[in-house]
Every structure is written in structure tokens, then in C-alpha cells.
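As C-alpha cells, here come the structures.
What follows is a pair of complexes built around chain A, which joins chain B in one and chain C in the other.
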Partner chain A sequence: MTSFAVTKLVAAKDLRIELRSRVLINQVLPFAAITMVLFAFALDQDDLLVRVAPGLVWLATLFSMLVVVQRSFAVEAGDGALDALRVAGVPAQGIYFGKAAALAVQLLVLETLLFAAAFVLYSSRFDGAGVFLLITSALAASCGLGLVGTLYGGLTTGTKGRESLLPLLLLPVVAPVLIGATRATEAALGVGRISMQEGWAWVALLVTYALLFGIGGSIGFGPLVDDTA
Partner chain B sequence: METDPVVQLVDVVAVLDRFPALAGATLTVHRGEIVLLTGPNGAGKTTLLRLCAGLLPPARGTAMVLGLDLVEQREAVRSRVGLLGHSNGLYTDLTITENVAFWGATVGASAEEVSAAVERMGLAGRLSDVPVRKLSAGQRRRTALACLIARRAELWLLDEPHAGLDAAGRDELDTVLRAATAAGATMIVASHEMERAGALATRMVEVAGGQIRGQIRGQESGTP
Partner chain C sequence: MSGPTSTRATRAIGIATIVGLIWFVAFGLFLSPDDAVQRKGVRILYIHVPSAWLAYLAFIVTAVSSAAYLWKRTRSLTWDRLAGASAEVGVLFMGITLLTGSLWGRVSWGVYWVWDSRVTTTAFLFVTYLGYLAVRGLGGSHEQRARRSAVVALLAVLEIPLVHFSVEWWRPLHQQESIAKGKLQNLMLFSLFVGVIVFTLLYVWLVMHRQRVLAMQDALDDRGLEFAIAERRQEASL
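For the complex of A and B:
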């Protein structure tokens, strides 16, 4: 079976499991919503909230992503399915890209709802001029987060204390995505002093980040999960 | 009648954490056999299964599985071998059919093959649409075996297959394993339960100190 076919198979399986278990809807979204509300309480200044809304949305995305990544690998580790996939000789690249794709789709859903929450809670405004930039930056950031989340999720699967180890390892590594996505979103929403042109430069960084982790993960994921099998 | 060996290990050494878990193991298994590995904990039974599954490379000796070299062609071996250890490798939020279809899809199995695998394990009907998390331990084991069938595994490596099952579940498992062997599967079973697993096996082999010490019962098919 080709890696591309495995990618589609694994992504469809992960999304079906999510639809069945509704962890994103029942656990992650309420967590993200509470985070957004708490940010509003903590800052409590409309102008400030409007200005920092992009950063808060992406911070809430990163925190929520930790839950999604842990869930994605708990599903695999619960009954030894990830080990079984490797034992069955299923290409590791396909597993890696499939899980990353499913993760990216879930993050896109999450980001859409978080942006909607930002418009309601923080009175963010959006005139539509930066819509293409906003969508592209969200897509690039979600791909990058999906790829890096899958790599580190695989790394910590089967290790003791993985619940605390994952954030410790993952959060510093996703800092470029937080910075790049926040700046690009600021440009798209017209807050801060970022021009649209600069916004696209930040999108280029997000794409480069995703490409680097895509290449690195496709090489490293197999040996990583083999070592834990 | 002699058949091509499915497993042929000659003086195989395998190292786990610098410890020689297999220390010169020699074993030949022919198509259609059910070989029971017995021996104390730490004897090397599980290591032998993992080696045959292509998870552990031999450090020395000759190791061929399904005619493929375990050093040079490990990935190819993996795709044709099924290892069922203490866990079942199932997705508990998916139904029986969805699990079997997923594993079957990894080798391009058709919907008919998936249905046949589910039926052969006695899981057809309304049960096939039940999520795995709602199944008994015995039903989960049968689902895992249906996945092996859908994956077209030619060599089944079973590590303590009766563990965690009640008496009815063990009987069910024995029935489906016999049926699978009758349909052409070859099995190596590691178990402490000599009486039950022994009744299932065509040959019993003792493993101790990382070596095959001898045959307790039966003889290699094709051996005069």
C-alpha cells in the first residue's frame, strides 16, 4: 500500500473516531472557550482586547492543541494499535501524514470557532480585505501544528509522564507558529502595525515551518514509534 | 509430505538491551502447523515471536520467515505476519466492521473479504456494528483475529492468547483458531497454559535460556 493511500486511510479513521467520540466538541471546545473568556476577564479593556485578540486566539489554539494531540495518541496507544500498525509494516510516513492531516482539520475547526468567539467576546472587527491572508495563514499554521504535534505526540507515546512531557517539549517548538500566525492575523484584521505585505512574509515563515517539519517528521516518525513499540 | 518452511531459524542470537534474549535458537515451522512455545518467564518466547514478526533484528545466525530474510527484508515480512500480543490493536470507538475494514484496507482487502473475516470469527450480524469498547474480552480477541484474516496474515504469532479470557471465551478462541488453521494459517503460540494450548497445538517446543531445548510433543512436519 502506498504512503498516500495510508495517509488517506489513517486520516479518515482518526476523523471518524473524533466524530464518534466527540472529544473536540465536548472537551476541547469548552476548554478553549473558557480560556478565551478568562483572557477577556484578565485584560478587561476593549481596546487592548481588540489589539491582542489575534495572539489570544492562537494561544488558546496552542493550549487546546495539547489536548487534541494527547487524545490522538491515546487512541493509538490504548489497545496497542500504533504498535500493531508498525508491526503490520504499514508505512510510517503514511501514518505520520494521516494523523497530521486529521489533527490539522480538527485545529481548523477549532480556530474557526475561536475566531468567531473573538468577534463576539473581544469585539474584533473584520472588513474582509484580509480574508485570503487570514484563511491562508490559518491553513499554513494548522498544517505546521498538525505536523509538529504528530511528531511530538509520537515521541512521547509510551513514555512515563507523557501528559506533562508533551507540553514541555511541544510548546517551545511551536513558538514560531504562535509568532508567525499572530502577526499574519494582525495584518489580516488590520490591528497593530503590520502591513498586508508583512503579513504574507509571516505566512511564508509558517509554510517553511510546515515544510521543515513535514520533511523531518517523515524521516523521524518511523524510528521514533518503532523505538517505543 | 514436506512443505516449504514458513519459519526457519538457525542458531539465531537476538540482543535486547545488551542482554542476549535469544542465544542460538534453532527452529523450523512448516505451513499449517500450530507450534506451542512453552517455558518459564524470561525464557525468550516473546522475543522469538517479536523476532519472527520482524520487530527485532537477529544479531547473528540465519533467520528466514515466509522465505524472506529477517535482516534484509524486515518490512516485507511485517506486512505478511500477524502478531497478537497482550493488546488487541483495536480502535475501541470504532465498530467491529470498521476495525476489520481498516486493517483490511492496509493490504487492499475488498469489502467481501472484510465481511468474510467478520463472519469467520462469528461476529456477523448486529454485533458487527457494536463499538469495540462495548465488547467482552473474548469478542475483542475474535475481532483482533478477524483483523489478522482481513490483513491476509500468513503466519500468526500469538502471545498468551488465552490471557484475560474466561472459560467460555477460551473455548470460543480455541474454536476460531482451529478453524483458521484448517483454512491454511500457520501459528506460533507462546503460552504458559500447556494443557489448553497444548490441546490446540500440533507440536510443543520448550524454550529456555533463549534456546530451543527440545520437542515436548509432536515432530516437525516432514521429519521422518
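For the complex of A and C:
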């Protein structure tokens, strides 16, 4: 079986588990929504909320992502499913890209909700050209986050005590995504001092990030997960 | 492996480091003049710059050793232990860099922290390598530890330039380096130079010892069970 076929199967499997267990819908999305409400309580100023909405959306995405990543690997660690896949000779790259794709899809769902929340709660507004930039940057950022999240999720899965390590390892690595995606979103929403052109340049950074970690992850994921036992 | 971790080489480096430190203190605190603007504040730089240099050197050594471990032809746990020892010393000096840097910033710029790309990247490097050390402590066999931490060290090499670039792009304001501007006088530059040499010696000395301690720990782990069984047998035969 080719890596691409494995990728599709693993992604479909992860999304199917998610659809049936509804952890994202029942737990992560409400968590993200309440985070957005709490940000409003903390900042307590409508003008300021409009200005910082892009940053808050992406910050809420990162925090929620930690839960999604842990969930993504908890289902693998439960019955030694990941080890079974590897022992069965399934290529590590296929598993890596499959899980990353499923994670990226879940993050996109999450971001859609968060932008809707910003629209309703913070009065964020965007026009035609802005929407295109917003969607592209969300796609690029989700791919990058999915790839990096899967990589470090694989490392921290399994034995006890590793779960608490995930935020320490993952948050510094995803800082460029937070900066890039926030600036691109600011351009799309027309807040801050970022022009549309600069917004697209930040999207280029997000794409570069996803490519670099995609390559790094496809090489590093195998050695990282093969020793989780 | 048994006996102390010192050899003739480390003893020589150790003595040279102590002599160098005395020399460094003499230059840093007494022989070099006050700066016209920063006054005594400039003396913080004599610790700050060498420790920053050392921290970056330490992380380069960690990355190179990690790559050497992952490359099949040079695979040896010695590389892994060198990477670990170097990262530990690097984290220590990175902590000193951040502390002295923020103190110097308070004296010179009036604030402890600026969102300069160099400063921010340094802080990220510090946190990243704290994570690296945590990964080293995850347990498992020596080979598992080595492989896992080597991959994490190399991923950090991917991460740090991206962080640096994105922060620089985010906040393009730069604090000019004093040395680049030529503000430091000759004796001050010489004190800095002494600091770099002495700190490098200290780094080599610490890493050599730490690497040997790690090797002893690994040996103890390997033979610990054998020892325990032998001890129980001895108890039983008494």
C-alpha cells in the first residue's frame, strides 16, 4: 500500500472516530467558545476587542489545539494502536500525513467557529477581498499546525507524564504561526496597520512553515513514535 | 567506567579556568574604565556577551552531536551524552544571558525587556531547550532517549530561524549592538575578549565532566539490575 493510500485511510479513520465520539463538538468547541467570552471579560473594552480579535482567535485556536492533539494520540495509545500499525508495516509517513490532515480539518472547523464568535461577540467585519485572504491564511495555518501538532503529539503520547510536556514543546514551535496568521487576519479584517499586500506576505511565511515542518516531520515522525513503547 | 570524572586534561582546563576567572574579574571589575553613558552598567556586558556566545555555541554543539548520533556511520551514545551535557550547560548560560540582558536593559534603556528579535529568539531558545531536557528525562532505553532527543534537537534547528525571522518581521525595530557602533573602548573590548575565552574554557570543563557523569549514570542503569541480583544472592547465602 502506498503512503498516499495510507494517508487517506488514516485521515478518514481519525475523522470517523471524531464524528462518532463527538469530542471536538461536545468538548473542544464549547471550550474555545468560552475562551472567547473570557477574553471579552478580561479586556472589557469593545474598541479594543475589535482591534485584537485576530490575535484572540488564533490564541484560542492554539490552546484548543493542545486538547485536539492530545485527543488525536490518546485514541492511538489506548490499545497500542499506533504500535500495531507500525508492526503491521504501515509506513510512518502515511500515518504522519494522515493524522496531520485529520488534525488540520478539525482545526479548520474550530477556526470557523472562532471567527463566527469574533463576528458575533467582538463585532469583527470583513469584505470580499478580505475573506479570500482570511480563508487562505486559515488553510495555510491549519496545515502548519496540523503537521507540527502531529509531530510533537507523537512524541508525547504513551507513557504517563508525557501529556504535560506537550504545551512546553509545542507552544514555542507554533509561535511563528501565531504571528503570521494574526497579521494576515488583521490585514483581512482591516484592523491594525497591515496592508493586504503584507497580509499575503505573511501567508507566504505560513506556507513556508508548513512545508519545512512537513519535510522535517516526514523524516522525524518515524523515529519519534517507534520508541513510544 | 569507574573512578573520578577528572583526568589530566580536565584538571589542566579547570586550573586554567580558575586562573582565567581571576584575571577576568580583575579586568571586568577593576582595570577597565566606566563607560561614558552607561557608567558601571557596562560591566554587566562582560558577563552577558560571553554567556550569550557560550549558550549559542552549546546549542550548536548539541545540534551537531545530535546529527552525528542520527547518522548511522557515526552512531554512538557518546554523541548523545555530549549533546545532553552541552544542552544542560547551554540552558544554564542562556538563563544567565537573559537575566544579565534584562538587567543591562533596565540600566541602559530603562526597561527590562524589549521585543527585539534577538532577545525574543534567545528566550524561545531557552524554553525550547528546557523542553529538550525534559524529553531527555522521559525514560526508556538509552537508545530510545538518544533517538528521541536527537530528533527534537534537530527540530529546534528548524524552529529557531523561523521564530527569529517572524519576530524580526513583526517588530523590525533594532537595538544597535554597542560593539558594532564602536562605542566600547579598547580596554573594554579586551575585557569582553577575556570573558569569552574564560567562559569557553569553563564550558569545555563543565561539558567534559558532565558528559562523563552521564556515561557513569548510563553504566549504572545498565548494570544496576545485575548488582541488585548479586546483592540479594549474597544476602541469601549469609
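Everything that follows uses one rule, which is that the second predicted complex is superposed on the first by the 226 of 229 C-alpha atoms of A that agree within 3 Å, B and C clash if a C-alpha of one lies under 4 Å from a C-alpha of the other, contacts with A are read in each partner's own complex, and residues count from 1 in each chain.
The definition used in the following text is that a contact is a pair of C-beta atoms (placed from the backbone, for glycine too) under 8 Å apart; a residue touches a chain by one contact, two chains touch by 3 or more.
A quick note: this is a predicted structure, and the numbers were derived from the prediction, not measured.
After superposition on chain A, the partners chain B and chain C are seen to fit next to each other with no clash.
Contact with chain C, but none with chain B, is seen for A:L155 once the two complexes are overlaid on the shared chain. In the superposed model, A:I17 makes contact with chain B only, not with chain C. Of the two partner chains, chain C is the only one that A:L224 touches; chain B does not reach it. In the superposition on chain A, A:V6 makes contact with chain B only, not with chain C.
In the superposed model, A:L212 lies in contact with chain C only, and not with chain B. Remark: least CA distance from chain B to chain C after fitting both complexes onto chain A is 5 Å. Chain C meets chain A in the complex at residues 70, 124, 127-128, 130-131, 134-135, 138-141, 143-144, 147-148, 151-152, 154-155, 158-159, 162-163, 165-167, 169-170.
Within the complex formed with chain C, the chain A residues making contact are 151, 155, 159, 161-162, 165, 168-169, 172-173, 175-176, 179-180, 183, 205, 208-209, 212-213, 216, 220, 223-224, 226-227.
Looking at the complex, you find that chain A touches chain B at residues 1, 6, 9, 13, 16-17, 20-21, 75, 78-81, 83-90, 229. Within the complex formed with chain A, the residues of chain B that make contact are 53-55, 75-83, 85-94, 98, 102-103, 105-108, 131-132, 151.
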